[in-house]
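Got a structure for you, written out below as structure tokens; questions coming shortly.
For reference, chains read A, B and C in written order, and residue numbers begin at 1 within each chain.
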Amino acid sequence: MDESLILAQKALESANEAKFIANNIWMLMATVLVFMMHLGFATLEAGFVRRKNVVNILFKNIMIVSVGLLSYYTIGFGLMYPGVEGGYFEFGGFGLTNPEGAAGMIDYASGNYTYYTDFIFQAMFAATCCTIVSGAVAERVKLLPFLVFCLLFVTISYPITGYWKWGAGWLDALGFYDFAGSTLVHSVGGWGALAGAILVGPRLGKYTKKGIKPIPGHSMPLATVGVFLLWFGWFGFNGGSVLSADPGLVSLVFVTTAVAAAAGCIGAFVISKLVYRSFDLGIALNGILGGLVGITASADGVSVVSAIIIGLVAGAIIPLSISFFDKIKVDDPVGATSVHLVCGIWGTIAVAIFGNYDEGVGTLSAQLIGIAAIGVFTFTFAFVVFFVLKKVVGVRVDKEEETIGLDICEHQATAYS
Amino acid sequence: MDESLILAQKALESANEAKFIANNIWMLMATVLVFMMHLGFATLEAGFVRRKNVVNILFKNIMIVSVGLLSYYTIGFGLMYPGVEGGYFEFGGFGLTNPEGAAGMIDYASGNYTYYTDFIFQAMFAATCCTIVSGAVAERVKLLPFLVFCLLFVTISYPITGYWKWGAGWLDALGFYDFAGSTLVHSVGGWGALAGAILVGPRLGKYTKKGIKPIPGHSMPLATVGVFLLWFGWFGFNGGSVLSADPGLVSLVFVTTAVAAAAGCIGAFVISKLVYRSFDLGIALNGILGGLVGITASADGVSVVSAIIIGLVAGAIIPLSISFFDKIKVDDPVGATSVHLVCGIWGTIAVAIFGNYDEGVGTLSAQLIGIAAIGVFTFTFAFVVFFVLKKVVGVRVDKEEETIGLDICEHQATAYS
Amino acid sequence: MDESLILAQKALESANEAKFIANNIWMLMATVLVFMMHLGFATLEAGFVRRKNVVNILFKNIMIVSVGLLSYYTIGFGLMYPGVEGGYFEFGGFGLTNPEGAAGMIDYASGNYTYYTDFIFQAMFAATCCTIVSGAVAERVKLLPFLVFCLLFVTISYPITGYWKWGAGWLDALGFYDFAGSTLVHSVGGWGALAGAILVGPRLGKYTKKGIKPIPGHSMPLATVGVFLLWFGWFGFNGGSVLSADPGLVSLVFVTTAVAAAAGCIGAFVISKLVYRSFDLGIALNGILGGLVGITASADGVSVVSAIIIGLVAGAIIPLSISFFDKIKVDDPVGATSVHLVCGIWGTIAVAIFGNYDEGVGTLSAQLIGIAAIGVFTFTFAFVVFFVLKKVVGVRVDKEEETIGLDICEHQATAYS
């Protein structure tokens, strides 16, 4: 009996270790997929700007990832996941403070993945919110002030609102639900984008007395590559947000994510064909992204049919929202506010309409409170930072530089030669 | 004794759960890799067409993925995997009809992956066959009729022939073997491409009295990116077709897939150097794809040396086949018929020559019957659909539009500005 | 008692099988990620060369992967991992000689992955060293002699020095440590690049009486895509070098790899801003790569803070090293010697400074001996091969061809049309 008991215990330990390894692999693969989203954003934004501002937007994107990873490591992670209960502005400490020994890592997060895995997955998410902003203020924002904004946004603003929900803060206690971040990541980026676009102002020649002038991007292949890479990465963004390799949940998330993206494309296609009478590639691409942002809050808790509806609506919103922002003269070269802010809000509300969650989780009131609280905080934070930067050092290049292009003026280089 | 028995049972359950998690992760990662093939096709085709038709081909590619995913969900999946025995045109129902509860998912497919995983992996495959067609009819096909063709092709034709083999239909019973779809996916796409290219007709100025005019693609970097992404994705296409993470089989498939692609490159390189006296990048790229298509039917059942031979032959076929189709004036801007149809047939025959399968599986007669049956069905289906569309609404843009380019005429846009 | 003992044994076997499956999946995913680095190199190099040499560099890159995989299969793998003890030039045989039966595969490498997995992961690494060379000699090297060099380099030189450490040869016995190949892969490529750049000579018009003329690359978006893809692939390059899915080690490697890359970007940014007063995208991109090369030798054995320091220094080295090579008139269009050779040496020394390894492993003397021995062997090998090729067939295109461009002269094609 002794022998078989010892063997059985050994077998159980070994089995649990195998599950741990498998879960951890999935979280790391999800991390790699989310990393790819940064290339997705870089190429999407590069494709949607004019030829004269391409080096600048690429430069901004690699700096954002780099600054984001290091500052989230230094402060952001400790702020977002303080590991203590209660409080609005707890701080878990600089750097990685949890026990770093093998045992500490193995027991981390209910045995699903290590502490390092947790950090690197979260860090890949964090940098995303700034990348969203960079698209909206592209082609006229000054490089260094923008990087200062990014540093503050990813180090302070994003972790605080993130903590409210994912760090088990007050919104979590309230029943607010946001699976992978329609609000916590995308709307947060979107609010920053809106504040930035307002304070930086529209590009020269965009809104004239003769009307709104379309300023087409310089490379549709680059933009298309970007959207496909974002879709690719989103399987990790949503799939990894299960926080384990749970087969039922992760595979459901894959299906809802994929069909919502596809439906977003169709929704944008149909509306832009009906309303604007064109097969607009840019709109269809943003429709895919809208569908992805829309499903992000509820990818783990809706039926496939619901996911299709969420995506269709998100896609249909895109052309209308882009027109709306143009009407109120908020110039956003890549449509980031429509995709991330508006569809992010839609997705967060959709939780209350379509979500199959526990009683009291994801109620309409909780969702609206979460959207409002995070919106007010983030927009205010971003507005104040941009406003102060504007007054102190200026956030916009001068007219001559804007006309010549940021590549020549800020980088003494051209994207193509 | 009781205690150790209970513990041993618990350990065994836990171990089986770990295997299930690991297998499911692999199938989902394979799904993500196959998804990337859609970006591969999009960039390959965009690179191989002229500058004036780039927006159009990109637009088609995102629509195909989106339409493909949704229509395969709605009808195709139920048609291809009816889950019943016998019959040619069984139908498993609309949408996902299997038990969606946790238990139902866990027990699905011998415990290797969930029902959702099965669907999403298959759905990523399904859209591929239309993407193959889009390359062959590029630069002159009308957008909406082509999308109607895709819808019918992916919803009806592909699932029916797929069912014959992978849905345990009559070709499966006959001993026909096609591991990951040299015939079921690639030749199917290739037959559609051939039917489309014939009925749409060659591009203006391609075949003149003075001979065949080469029409070079507008961007070789884009085309190269496409081929690398397709190769990347093929590790999931073939590796996922093991339908579990079986270490021996999946790793063998990785090796055979990689060396066949490499050998395809060398085969195409050597023949094009010997016969056409040039280092032709486009031919070498298509040689890689030919090698990949060729190994797809037998990647799980040939030796490494056999895989190299299969790849070499497939690569060598490419320049000869491209010349052949040009001689019979079937204009295919990206070489899709040579890559997917001709090398698909070669790969399916190679099963009978090199494959190490059970007695009665993959015999030459079974392979030839499979190739013929699926070829006749698919070509007829595609021909009839294109023919009806041609008669009813037309499938080709008018000469002026073709000369100006589809980007301006169908999308009022340009790919670059 | 019998029953529970049998069940416990079955459970243990099942658990071990699950671990084996999970480990093997990770190694295969790492393989796929490393494969993507070849596209990274292809796009990076294509972006950094002039428009007239793009087809040529793309052609070289697909040939290198293809030739590399096949020749490493045929000879290199047997040379690098002879599977016997002692000796400098053992040879394990042509092709894959280990037992290929299911049992043999399962027991391979302590049960972490199969023999096929081992081969394909190593084969993906092998081709990398030639790709590094191709960047340094771009825009003027003759195609066929360069491919002959690659064949010899990947079949003979790389496996021999690789065997010294990873094949358990004399450097391994000495305590030399190089986790994933700062020296064994990157410096080896870098020494080849240096030998090639010296013997091929600088591009026409690079070093003139009026000073050093910058020759900007033709597409910064392509170069940026390349760096992101290399970073993406490096998670597999370093993460897979753990040679299992060990959660603690692989996740630590992810974190150190990511922060070193980010710090490399910042280091290069700061130095190039301070010293050269510019926001140079090319420098920042190479800073990321420098950080990645730098951390490669010690990613599994340094703290996160150490990884940041290693990356910062590596990044700071980049602009200085590029200036240095320009001063001594070694023309390297993509900065491969600075990135792979200089940062590779730095990373190998950093093992002795920051590494937490067992007593006697990674001592400064062992590291310096390893750097020197591999450097002398590789540089000599590469120099001799290039020298002989230069004398016998020539390694450089003539002036007219260089002026017109290799695309037209060697391929009768253009990259864009």
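Note that in this section a contact is a pair of C-beta atoms (placed from the backbone, for glycine too) under 8 Å apart; a residue touches a chain by one contact, two chains touch by 3 or more.
Keep in mind the model is a prediction, meaning the values are calculated, not measured.
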Counting shared numbers against all numbers at the contact of chain A and chain B, is it over half, same, or under half, different? different
Using CA atoms for the superposition, what rotation angle relates chain A to chain C, in steps of 5 degrees? 120
Whole-Å distance, chain A centre to chain B centre, using C-alpha means? 32
If you look at chain B, which of its residues touch at least two other chains? 1, 4-5, 7-8, 11-12, 14-15, 18-19, 22, 25, 29, 219, 225
Can you name the residues of chain C that touch chain B in the complex? 1, 3-5, 7-8, 10-12, 14-15, 17-22, 24-25, 28-29, 31-32, 35-36, 38-39, 42-43, 46, 54-55, 58-59, 61-63, 65-70, 73, 95-96, 102, 105-106, 113-117, 119-120, 123, 143, 219, 222, 225, 410-417
Under the definition above, what is the set of chain C residues touching chain A in their complex? 1, 4-5, 7-9, 11-12, 14-16, 18-19, 22-23, 25-26, 29, 33, 50-51, 216-221, 224-225, 227-229, 231-232, 235-236, 239, 245-248, 250-252, 254-255, 258-259, 261-263, 265-266, 269, 278-282, 284-285, 288, 304-305, 308
